[in-house]
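Next up: the structures, one after another.
Look at the two complexes coming up: chain A is in both, with chain B in one and chain C in the other.
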Partner chain A sequence: MSIPGTIPETRRPVGLVARLERRLGETGILLLFLAPAMLVIAVAQFYPLASSAILSFFDWSLARSPTVGPFIGLDNYARTFKDPIFAGTVTFTIVFAISSTLLQLACGLGIALLTVGESYTLRFVRTLLMLPMVIAPIAVGTIWRMILAARVGPLNQGLAAIGIDGPNWLGDPMWAAFSLIMIDAWEWTPFVAVTLTAALTSLPGDLLRAASVDGAGRWKSFRYIVFPMILPVLVLVAMFRLIEAFLTLDIVFTTTAGGPGYATHTLSFWIYQQGLKYFNISYAAASSWIMLLACVGIALAFLAWRRQVGKWQVSR
Partner chain B sequence: MNLAVRLGRATLIAIALVVALAPFVVLFLNSLRPADEFLSAGSGLVPSHITFEHYAEIFDPRGDTFRYLLNSLIITTTSTIIAVLLGAMAAYALARLKLPFRLSIVIGVMFLVIRFYPKITVALPYFLLMRQFNLLDTHLAVIIAHVSLTVPFVVWMLLAFFEDFPRELEQAAIVDGCGPIRRFMLIVVPLMTPALAAAAVLTAFMSWNEFLMASTVAPNFAKTLPVRISGFITDKGILWGSMSAMSSVIVIPVALFALFTQRYLARGLTVGAVKG
Partner chain C sequence: MIRRTNASKLAATVAASLVGVALANGAAAAELNFSVMESGTYDKAASQIAAEFASTGTDVKVFAFPWAVLRQNNTTDLISGTNQYDVMSGGYYLADVYSYFSTLDDYIARDNYGEGMIAGLLSPGRSEFVAGKSIGIPYGIDAYGLIYNTEMLEKAGVPPEFASWADLAAACDKIVAANPGTACFSHATGSPEQIGGFFFSGYAGTYISEDGKYALDVPAATAAAEEITALWKYLPEKGTALTFDEAHQLFKDQQVAITVTYPSFITNSLDAEGSPVAGKWGMSQFPGQGFPWLSLWQLFIPSATEDKDAAWAWIKAYAGPENAKRNLVEHNIGSVWAATYEDPELKERNAHFWPALTAGFAAAKNPPLSGEAQDLLTNTLQDIVNGRVSAADGIGSVAAQWANIPVPPAMLEAAAGSDLQEK
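On to the complex of A and B.
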């Protein structure tokens, strides 16, 4: 808010910017600051989102017709729920997302505890351990596809050297699912580690020292002091990771392409195939809205949980 | 700390390092491996001799790799500049605006929500929208998509910083008759450079690596490197050599860049969860 009357006439700034500022006022300018970002979001996110919701009630396959077909109500949704492949996809996606997230949380917490500290070496180690996360997920897939190649991949050759006949990692339905979970965990454990390291670093050092003076053992001071204090961050990280694992698409493309059969179709991959390969636009839109609502549900549940954790912490 | 504990800790860290870094080594060695060695079992981790044939092949001047590389560079740079600029302006506005009915919070939540739904929901209608505007297969289509995906991160990151920004610094400028444009440009931006750098680093990584939107709206001319890589896996089999070389081109510069910008990157990633 500008303060009218406090600026002497002679000091009043001139020039385009100053005139603009005076003309629009504080609030006007700030709204103008907000506008471009809002515009981009509206065009590229919210409009498509709304348009997808509308399309999901129509019958439209781009392969059959260039224009939108008739209104068919909830038929696309009914069809989705009746589709046995969709059901299989959902099951796989849930198993994949939960296993991978749990694995990442466990490994990430372990790495954070192992590498927390300010020494030069530890900082460097942390930087190196971050690398899997910064590279393109598409490339993560190609790298692991090479490593896991059944006959010539280095992993199976290594196993053969010690007398183990390695499985067909990406070709067998069970092993392919297992491999995808491992690859996703490899890629995203660093995110958990980085965030939890920051949380650990922000803990008051006195508290830990006081605990060790009290004679609390390592495990006890972790269990009763450190863990409860980083729990809110852990819950948030778990939420971000679970939702993103639920949406996994890229690594499926370059490792298994959803196969063998439909064994490793994640929901995103399945919808991608429906929409952008077969151009069943309205069917894909309905499926993706089902998925969207599930994601919002997961997020709300986690945010409610975090509130509980917060309250519980305050009450202690 | 006694010796056994220290040794155990060092061993575990070493294992973590091997698991995290070995795939990079495999990738790089494979990109230098002669083509005939890919299909024979027992060729070992290290190639029998080093060859640059795959790099020569993908960078064949008659091929399109240079164009894809250029596309990726153009799209990443432009998206990053626009996203950080728009995001910083929006975050500043949200931190300073006094809107009725808690509108600032509503707008803030709007930006946050973008992280929580499947982008595949947006991809298809966005494709149709771009088709309508005749923007399919242009840099602009990908840039708009990338800005819309990254601006929310920038806004949320910078909001946390703006809330800590000492208002006294701005008060003096207000008394001198500076409106928000000049305060933002002359006081806020210069003092926020580290935070802006963190936002820029994060945005650049996200844009460089993004696949879904780029593959949806830019299948040919404006194709980016990640989209190109997915094309190596064909029904006829995999071009291992070219694929490793191309993957190295997309991975290694980013990994090196990450080593140098680690501080900013870590800050950018954690600010949402740890501070919020």
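On to the complex of A and C.
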């Protein structure tokens, strides 16, 4: 019999590990084993972050010189905020991210409510609905670009067959923006649906049955029991999807290439162009940090909201 | 002991084999990696010539990519020092990385390479130079052209001569009225950079100021942008995101009377057997007081290429006069050699468009713009024609933002050579 919190005799380490444990203690050896993974994370994540933060204060275009240019303080940040294209890009990114996320949450919740259950048919339907999520985003963009071709694409051909004159999906700035929102929602609604289905499945059945006995209809049960109980999950999913939508690059790249003109430039697409197409490394680094800080702000706001939701649930 | 001896022998044999294989590989044919556009023309010609070139002892591997990917791969390869490609295809839009290429003056002088080339092609402003030294060898020439359907224009009583885009817009009213159910013209509107073809010909000003900064003559540029906006109304319905193939197909199907495009992309198919427009199309002088956009594909040897002699030999085989006629006939690659256009058989066969085509070659130029400066201009033009911004505001914004984009030194040479810098 072992004391709780200690390693049982039969599993006690022997040999080199035992000697190390004697020298470093249990915490020490745990830290030692974690060190390689921590090192990988530090090198792979923190070093690029720190490096890009430093670069953002210098003037460096890789096309002009292989070595970093002079220190210019906050000039790259000032230039970013003065850039009218950047401002338009931020506006479109916000509209895109919020619209797409709201659409995904509404559709995902609807699908989750309709497909919750354990029958074979429902499980099959859920599997089928997940398909868009498992297609590579680059392929999604390419497929949709072909579908949405205004003159020869199957969507407008289909609409024409039923007497509807389809729009100029990718050639008109407004429709191009709408198309991207729809594509993103089509691809990621299954993620929301699957997560919310899991949340719905975990709800205590007794509570719902008790409400039913007390005369609550489906709407009242949803409004007063189901929705408040899945709200923390919903907030978390909204946070994931909103941040992910802010980072969208692949479907923009393959579907509209940011066009027509600058109509569908997202922040990530803009940064990609600055950094990897024009090689304005330090300017791209400054733009990246602005986006990173915005995403951190969004995450913190959502986490604070989730905490409030938790407190509200407890108070009820 | 015996075991150890046998193991030693085995190890020695394996090591000897590996050394043998390595030596054998070293003695085998030299290898060159060649990057080229995946167009079904340049890449096909490259593969064909590479197969023949193997007899020289050099194995050329052809890496073909769509244009935008080729541009990105070449640039990244040079800047990152990956050095994957020994010979690269490209054009003036690689200006940011010209310093990574070898100068070719010695090879050109040794082999008298420019002899017989279309006059002026191997000079600054048309092919690429760094500090007065040649770095690019032209191999495929094309210039924006205006291709028209003779029957549709005759029906409208419109002669195929347009001094400006405003002239064409005026003619479009007559063309559409005389050919109901059709549109006036098609163009690859879905490729954002291609709108530049209209601007460069419609704008007669300079692109670089006297003090070496990107600058536009704002009133002239605004007028050019307004002309393009007016013309855009005559595209087919929902025709603002057409691919090259869609734009060309509309012309072949006689749903448009005119297509504005690079002729080499389409002329072969217009005359092909079964083409509905065979025998009823021609090419007119390109409108505008500016210049037709030149497409001059060139070959570059990066400084990091180890076997530059082999690379130069490949350039001569691929781009030289020996294969020029075959490249033109089989792959529709515009020859850079004057003799090709004197070939009696080809001259007769192409009489309906060669005069305008060769006149276009003589007038065509590249704008002295880096990729970043050009993207800013063409994306803004797209915004202007789509009504997201007015011509005056859009051009004003380009002029203001160009001030932040440095002009690569090579572009200054090009601008001076092609009269596109303010004096």
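Methods note: the second predicted complex is superposed on the first by the 285 of 316 C-alpha atoms of A that agree within 3 Å, B and C clash if a C-alpha of one lies under 4 Å from a C-alpha of the other, contacts with A are read in each partner's own complex, and residues count from 1 in each chain.
Note that a residue touches a chain if its C-beta (ideal position, glycine included) is under 8 Å from a C-beta of that chain, and two chains touch if they have at least 3 such contacts.
Keep in mind the model is a prediction, meaning the values are calculated, not measured.
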Exercise for the section: Based on the superposed arrangement around chain A, label chain B with chain C as either clash or fit. Expected result: fit
Practice task
Check the residue A:G171 against both partner chains and state whether it touches chain B (first), chain C (second), both, or neither.
Solution key: second
Exercise for the section: Would you check which partner chain A:K277 touches, where first means chain B only, second means chain C only, and both and neither mean what they say? Expected result: second
Practice task
Applying the touch criterion given at the start, work out whether A:L128 contacts chain B, chain C, both or neither, answering first, second, both or neither.
Solution key: first
Problem - First, second, both or neither for A:A257, with chain B first and chain C second - result: both
Exercise for the section: Please indicate which partner A:A44 is in contact with in the superposed arrangement: first for chain B, second for chain C, both, or neither. Expected result: first
Exercise for the section: Pick one for A:V296: touches chain B only (first), chain C only (second), both, or neither. Expected result: first
Exercise for the section: Considering only touches as defined above, state whether A:R151 meets chain B (first), chain C (second), both or neither. Expected result: both
Exercise for the section: State whether A:R64 touches chain B only (first), chain C only (second), both chains, or neither. Expected result: second
Handout entry: Per-residue contact with chain A, leading partner among chain C and chain B
Key = B
Exercise for the section: Answer with first, second, both or neither: which of chain B and chain C does A:A106 touch in the superposed model? Expected result: neither
Problem - Minimum distance between Cα atoms of chain B and chain C in the superposition (Å) - result: 5
Fill in the blank from the handout: Shared chain A footprint, chain B vs chain C, residue numbers 151-152, 257, 276
Practice task
Give every residue of chain A touching chain C within the complex, in rising order.
Solution key: 61-64, 66, 79, 83-85, 149-152, 156, 167-173, 257-263, 273, 276-280
Problem - List of chain B residues in touch with chain A within their complex - result: 9, 12-13, 16-17, 19-21, 23-24, 26-27, 30, 38-45, 86-87, 89-90, 92-94, 96-98, 107, 110-111, 114-129, 144-145, 147-149, 151-152, 155, 174-182, 184, 205, 208-209, 211-212, 215-216, 225-227, 229-230, 232-233, 238, 240, 243-244, 247, 250-251, 254-255, 258-259, 262, 265-266, 269-270, 272-274, 276
Problem - Complex contacts: residues of chain A adjacent to chain B - result: 2-3, 6-7, 11-13, 17-18, 20-22, 26-27, 29-31, 33-34, 36-38, 40-41, 43-45, 47-49, 51-52, 55, 110-111, 114-115, 125-132, 134-139, 142-147, 151-152, 154, 157, 186, 190-191, 194-195, 197-199, 202, 233, 236-237, 240, 243, 247, 249-250, 253-254, 257, 267-268, 271-272, 275-276, 281, 284-285, 288-289, 291-292, 295-296, 299
Exercise for the section: Flag every residue of chain C that touches chain A in the complex, lowest number first. Expected result: 72, 75-76, 79, 96-97, 189-190, 192, 236, 238-243, 246, 370-372, 375-376, 379-384, 386-388, 397, 401, 404, 406, 408
